[in-house]
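Chain naming follows the written order as A, B, C and D, and within any one chain the residues start at number 1.
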């Protein structure tokens, strides 16, 4: 029995690997590859926010700012000094990670919806700086002429070749996130989310792990940003506005918050579904809104939540599907 | 002295929850802290373990000052605690609940974890083995892979104790570990407490179950309205008229 | 075990679904390949904001382009083939725009594309169309668009400085010396503000104040109060139609008595509507074309536009109409008809008389310069005839 | 103009726009206190409310051109009905996690905004000012009659709301339900009913804000997003769930914007407002008037 199921698993993973590797060949147009590449970037960001928010419980709506950090690092270094992606990538990761850590500092004091606003505010502020400091960032017009990467003399110039770069980043990102979650750091994240009071008593330095979770989230978004800059060769501040964060959150939610697989499923499903319904114009967005409402009201665990419910897995639980013990931390009750 | 509490005072606004309490605990003893509800027992725990900042006084362990440190730093010094109302990590398995408490000994760092180095694997194995050992000590090893909140209440209490022990403490602060337990479970708890003590860990116990307290504690401190009203060996305290009047007298059913 | 399997299969399903997206063409990807079949329609794409705040710009573009194409189709099309216009909404979002550029280039295999009415999105799309060698048209006014070295970008209307230089030279000639600028922080607003500053500098003047605001702002009291302290004679607007209208209104309400002036956005009925006719009266602006222009070509366009869309023609409809005429000409001449050849033919166009004036396409892709000084009179946009 | 009148001029602009933020923030606050729901679609409810009134004023329904005051009342009533419907839909959300509320209500925002596009078009229009565009000059300070009306009506609405909550029987019931759902329920207060009413009042206030804003802004389906965000900022800044907090938050945010535009740096207006707000929240994590909940062990 066990052998059979592990064989099934091998076959399944084998098929998945084949499809993943051969995707640019079976895709009928470059546009499809481009859409999947974009989905790959969203998956990276979604993995990041899943670690920080899904597992560690930190509300963070500043994803766009993290992505901007990566993208602007790459764009500025590449267009002004010709630095290639291979050097921009670690630099972008570091800078975005530091931004993540800095944004985590208010989190140590401010909680819940107050925190939601603080992170929106910080992201807006970073955006305003990018828009206004034209001497450095080229302002609202953005930076164009970023070079696509090259590896050992082979240009990675089309969506098809770039696909493999994105694929490698997503696979590495996914595995890294899994390793984090399988070790002490991951357990500490969940502990903080479940009960930060108890976590402290267990010797967990809550502040340190909160900062770390957000720094990691920043790194993931930074990678997405660097890739984005080199992929589209053009960036402008409006790409990194609040709506990007919202889009990533929505897909994470649809996939399943608190599940790495959910990030992957949501990150693929949402952009592709929207693509299907493009022809419906405004109705497409109405449908999008309705879909979000339906998911939230009836399937708060997302796709993975539904899958798990079908599987009846015990010992695992979706944090966001639960009702808090006391409804919504009623500060309201203190109001005169 | 092992644990030394000197002139501890804790005020919340105008309310004095703990009023100038001094006490000390010897290494290796089970020390009971009793008193009627609202007498400040849990507040003392919360101050000692770093959740509240004392209004006055100080706490030290083996001569090292504890007051003013953050909760996780205090844990690192060798304190561990359980909570009066269970505070398990609800979405984790029993095993993970215990393993996460060993984190302060994790040397790997996030990079090592991502690369899953040999050292990390060894460390991880050590955590798992030690966690299972603790679960066996508390007779709940068979539930290791269950979600903690799926366990019966009495078992959840044990998970809390196992988790506290996993931090490798010198002293554990147990906040009403017998609350909600039936008689059989309480007897088992008593044996567990003795086993823990025998392994060299000092126990600081807040408990309402007088039979348990009198059965296991060598020393007892009694609080009333935030003030210390008596202390000494359990036999002596249980005969103290002040205590009987202030505490036992009020709860005749005990 | 089971979960990984379910997950892996889900992944495969989703990816395969991606391959079978409903708009997918069956042919394999071959960048830049033109459709071979003779009777097949020639496709032109429009990528522009069709929703959101910028929707009006996309709508105008659609109307201008469609009108020109329909006229051509009625006249028999190009080399016996009809022309088909495909419209996509990029919501003025460069990320979406880039995706759609990929889509029209690789899936729809268009002959040319209008992309887009916003300078940022147009800039974002340039590398894609350059890579596929497909001519790209825009009516975004930012100078940078044609400075990126692409041989496939064409601007159907004068660049920003043409508007602001003419405007400021005129005002300076009229004896104005104290100018204040209020510009939003979008690419358009900031660009126009910069051109205004540059034009002032050419005339050895500097703005008394330059203030900025966010595109969502509705209250400009802070900025305007500060501007009024400098007692400027002219208030230069550099923002969208609506924001310019709101600012003109609030400036007058705060007691500003001087001249209000601005570039392309001010020369639209939308500006007059937002500011109200009473307040817009006397506002000076520059534009290459006005709906009530006198010559026969314009008159014909205005009539046709009204007949087709039941709406008065305005500047954006006119410049996209002009640009499409250039494109159709180039397509007639291209032999064989490939996007690359169309672009090459575009560069050869010299001396074409369109609605906005005489078109001479430069190497960079500029097609026309020169704007008229105009004024709002009786709620109508008119050519300035006074002294 | 001397510096004092310049400052007053700037201040009046800030108070005007701040009153709008305050009305919107009040909607957030009302809904939050009763249901514990942070309604991120409130900006879109504000936008819909504006359309609900303006369509009557501009004769977009059956060619009926009603006076502004009548349109104002209709806007409030229609939006209250919308509020009742939305409350029913979102009742289950009230007990959910913040993240779910955020997304669920943002989903609603998408629906409302794009429905508006489908029904009324994306383009939008300017609404002429019923009181005219000529300002009143008071010792060098120019004030538009409409701005005075805006500030006055906002103040009346806020005052009315406070009196209603404090004195009227149903208002008291709403307060009780907001303070302690279970006890109120046990005392025979129909909690779901009062919640629905609270939601409706929030929506009504948003419609009122929309109608007060319409003649000085530009009406289009996208108008809700920006106001919604600033209203949310005001709601949080004042202290989530606090009625005076929402008013103070709105005015502070409006004035902050105007003053930083006029006296510090107009390019950084929004940034400055947000940074000051963050600093305030760092010092008072519960907002200006809101209470800080102590983390109980």
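Here are some notes:
Rule of thumb we're sticking to: a contact is a pair of C-beta atoms (placed from the backbone, for glycine too) under 8 Å apart; a residue touches a chain by one contact, two chains touch by 3 or more.
Since we're looking at a predicted model, the values are computed, not measured.
Taking each chain's centre as the mean of its C-alpha atoms, the one that lies farthest from the centre of subunit B is C. Of the two interfaces, A-C and A-B, the higher number of touching C-beta pairs belongs to A-C. A straight line joining the Cα centres of subunit A and subunit D is 32 Å long. Between subunit A and subunit B the centroid-to-centroid distance comes to 40 Å (mean Cα coordinates, whole Å). Averaged Cα coordinates give subunit B a centre that lies 50 Å from the centre of subunit D. Contact of a single residue of subunit A with at least two other chains is seen at positions 128, 131-132, 197, 282, 285.
Listed for subunit B are residues 51, 83, each touching two or more other chains. With touch defined as above, residues shared between interfaces to two or more other chains in subunit C number as follows: 50-51, 185, 212. By the touch criterion stated above, subunit A contacts subunit D in their complex at residues 53, 59, 106, 109-114, 116-118, 120-122, 124-125, 128-129, 131-132, 197, 246, 249-250, 253, 257, 282-283, 285-286, 288-293, 295-297, 300, 320, 322-324, 327-335. Contact residues of subunit D toward subunit C in the complex are 1, 6, 9-10, 12-14, 16-17, 114, 117, 122-126, 128-129, 133-135, 137, 142, 144, 213, 216-218, 220, 222, 225-226, 254, 257-263, 266-267, 269-270. For subunit A in complex with subunit B, the touching residues are 176, 179-180, 182-188, 190-191, 193-195, 197-206, 212, 216, 314-317, 319.
Within the complex, the subunit D residues that touch subunit A are 32-34, 36-38, 89, 92-100, 102-104, 106-115, 117-118, 122, 178-181, 229, 232-233, 236, 240-243, 267-268, 270-271, 274-275, 277-278, 281-282, 285-287, 290-291, 293, 295, 297. Residues 50-53, 55-56, 59, 185, 211-214, 216-223, 225-226, 228-229, 242, 245-246, 249, 252-255, 273-276, 278-279 of subunit C are the ones touching subunit D in the complex.
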